[in-house]
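In the two complexes that follow, chain A is the common piece, with chain B as its partner first and chain C second.
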Partner chain A sequence: MPIWEFLQTYWPLLLNGTLITCAQFLLASVIAIACALAAGLGKLSGNWLIRGAAVIYIEIFRGTSLLVQLYWIFFVLPLFGLTLPSFIAGFLSVGLNVGSYGAEIVRGAIQSVPKGQWEAGYAISMSPAKRMRRIILPQALALMLPPWGNLLIELLKGTALVSLISVADLMFQAKQINASTFLSAQAFGTALVVYYILARFLITPFMRWLERSMARRLGRA
Partner chain B sequence: MDMSAYPLELPADDRPMVRFMNVVKSYGRLVVLDQLNLDIAEGEMVTVIGPSGSGKTTVLRMLMTLETINGGVIYIDGKPLTHMERNGVLVPADERHIRKMRASIGMCFQHFNLFPHMTALQNCMEGPVQVLGLSKAEARARSEELLTLVGMIDKKDQHPSRLSGGQQQRVAIARALAMRPKVMLFDEVTSALDPEVIGEVTNVIRKLVAEHNLTMLMVTHQMGFARDISDRICFFYRGKIEEQGPPAALFGNPQKERTKQFLSAVKEAD
Partner chain C sequence: MSFDWKWDFTWEILPRLLAATVNTLIAAGAGYAIAVVLGLVLALAQRTPWKPLTLIVREFVEFIRSTPLVLQIFFVFYVGPQFGIRLSPWTSGMIAIGLHYSAYLSEVYRAGIDAVPRGQWEACRAINLSTRDTYFRVIIPQALPPSIAGMGNYLVGIFKDTPMLSVIGVAELMHAANAIGAENYRFLEPYTLVGLIFLAISLPTAGLVRLFEGWVRRKMGM
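The block that comes next holds the complex of A and B.
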């Protein structure tokens, strides 16, 4: 079947899958960013309990495979009484996993803010929390945007795994179409192109735009 | 020295704005300041000079509490800065005590350290709003007045990256003054500047000396400027005050051999 005909027949399923993929991407991104901030800051905390919790989170989620984490959250947690719908288990796993990588980006960026900025905040008597929020984080944010751009593309690709717990994302639809039609090249080829378009023409330009607007806020544009 | 030998508060008749009492500072085994005793009276302008590595910056950073001290006590306006009272004796101060006390000290750095994501005006308003709890309107009025004082009101909406070094340093002075400190510290504030803009910063400091009753402690390599505006010059050598006195005496008739050597070396370099 020519690709044109294939798309005419299957576009509703593929579009549906793409929307689910986008939703998984957005929700997982929110989780990842929140976890990365919490764990990145936590790792720099003076309180050893907080620091310990951050290290444990980062070690567990960075040190083991995303697929195993996904299966744990979807298949094993119910044995402990916590049953999550596959849609939620999906973006939660991806978000927690990527957040553990993001935590190192956050920590690194915070530590790269020049010492003089910390001292200037200190010299006007700011409390550590306020200095972090008002002086350090805004500058760290600008430093961490480029690595976050890469990480979010990894996150998008990572969402394909949620099809394995039957979340009806783009990958899931492609597999379904393949199973019923054996049009492997068309089904997976389309998926490939859509993932590429999402990464290259949505995420990357968006991150570039964020970087530019951040540079403007720092008066550098 | 036993901690009980240090008064919880200085008596009213012997209460300089700043007192270093037997202050020791070391980094590991390197003793940077050994038993420093230095008083600065209210409204006095004291300038610290001395060779590189003699501990000048360290003195200022200890007063700003950017460095902890390893012995002795520093008092500000009669009250302990580095310590606080517990059960009738002084113990090392906790974070809250230090934060409260250091609000009366302002510092300007060699490299300005303005907040790059804020305009000149926002830099000045940050402390008053976020730390002192002033309303935006009050903080703005105060900041604009100070930016006028330092001659930067025209550029109040510019980010630091759009300002020259001299302009950034003047904003940094306004930012420190906006906290209404009792003591101002200047650490080589002209060292990172191009020669042609040094004057715009020193003129601001001259104006402060002439028109305001601030207590100031300054480190500088500009001997002419120091001589003009200081009430007293302290010559530091290897972490000790080798010689101190009024500028006319110290520059005109130094007593110690090391002071003479340093001053003639500086003159030659000029």
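The block that comes next holds the complex of A and C.
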């Protein structure tokens, strides 16, 4: 079957899948950013309890596979009395996984804000929390945006795994179409191209724009 | 299914999981070997004087890097038979994972090669070294030490991505855990053990990579 005929027949399914993938991406990003900030700041905390918790979270999620985490959250957590629908289990595990990688980016960026900035904040007797919020984090944010761009593409790719717990995302629809028609090249090929477009022509330009506007706000453009 | 952890069941399934771990390690090793070589080819292909080749390889690398590995595994496994090429799960898995990571490694090499000072290139030119000698005797040896951290990260990365091979039926760790879970209706022990086995291998490996990097840097006098 030629590719345009294939697209004419199956575009509603593929579009549906793409929308679910986008929803998974956005929700997982929110979780990932929140976890990364919490764990990144936690790892720099003076309190050993908070620091320990952050280190354990980071090492566990970075040390094992996303697929293992996904299956564990979906199949094992119910045994502890926490049953999550596959949609929620999907973006939750992707978000938690990527958040552990993001935490190292956050920590690295905060530590590379020049020492003088910390001292200046101290000199004008800002409270540590206020100094972090008003002085350090805005500058760290500008430093961490480029690596976050790469990480968000990893996150988009990670969302393809939620199809394995039957979330009806793009990958899942491609698999379904393949199973019922055996048009593997068309089904998987189209899905590959859609993922590529999302990554290269939506996420990457958006992050570039964010980097530029951040630089302007810090007066560095 | 129940919540309580059963130790006798754990001891019963552990040998089977450890046997599957060997397969996981073989898959990671073979995939990495492909990626290390192919990555170098992709990196060097972007440095030829012929511009269209550079652009094509560049776009290809970007494409591989921004699409999901699990989809690529399905693509390689299912598209072959459509054109009459039958690949075993192992072969297609190794092709997909090797190709995926070669794209990442080519970026690591590229950064390493770009970091070699200009003077080195000019010196090679001045003493009339051939292109081959320039690369293999001067540039690549110097590009390697800064690349080791990145290469090591992707070694751990490829190991952690091998569970995806279970989707096409490669009998690795995740595949074994799925089978055990389905046979016994118990998922707590197999999935938890898989997680622990991954931790037990990837954390020390990451540490060893850091040690090795320091050793190479000292050895090269950097």
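As a convention for this text, the second predicted complex is superposed on the first by the 221 of 221 C-alpha atoms of A that agree within 3 Å, B and C clash if a C-alpha of one lies under 4 Å from a C-alpha of the other, contacts with A are read in each partner's own complex, and residues count from 1 in each chain.
In this text, contacts are C-beta pairs under 8 Å (C-beta built on N, C-alpha and C of every residue); 3 or more make two chains touch, one makes a residue touch a chain.
Not measured: the values here are computed from a predicted model.
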* Please indicate which partner A:Ala199 is in contact with in the superposed arrangement: first for chain B, second for chain C, both, or neither. => second
* To do: Please indicate which partner A:Pro12 is in contact with in the superposed arrangement: first for chain B, second for chain C, both, or neither.
  => neither
* To do: With the two complexes superposed on chain A, say which partner A:Gln117 touches: chain B (first), chain C (second), both, or neither.
  => first
* Touching A:Met126, do we find chain B (first), chain C (second), both, or neither? -> first
* Identify the partner contact of A:Ile60: answer first if only chain B is touched, second if only chain C is, both if each is, neither if none is. => second
* Which superposed partner A:Arg134 touches (first chain B, second chain C, both, neither) -> first
* For A:Leu218, decide between first (touching chain B), second (touching chain C), both and neither. => first
* Structure fact -> Partner touching more residues of chain A, chain B vs chain C, is chain C
* Asked: Touching A:Val76 in the superposition: chain B (first), chain C (second), both, neither?
  -> second
* Structure fact -> Footprint intersection on chain A (chain B / chain C) at none
* Report the residues of chain A in contact with chain B in the complex, numbered from low to high. => 114, 116-117, 119-128, 130, 134-135, 138-139, 142, 217-220
* Of all residues in chain A, which touch chain C in the complex? -> 59-60, 62-69, 71-72, 75-76, 79-81, 153, 156-161, 163-164, 171, 174-175, 178, 182-185, 188-189, 191-192, 195-196, 199-200
* To do: Using the touch rule from the top, collect the residues of chain B that touch chain A in their complex.
  => 64, 66, 95, 99, 102-103, 105-107, 109, 111, 113-117, 119, 126-127, 130-131, 158-162, 175-176, 179
* Structure fact -> Per the touch rule above, chain C residues touching chain A in the complex are 1-3, 62-63, 65-72, 74-75, 78-79, 81-83, 160-164, 166-167, 174, 177, 181, 187-188, 191-192, 194-195, 198-199, 202-203, 206
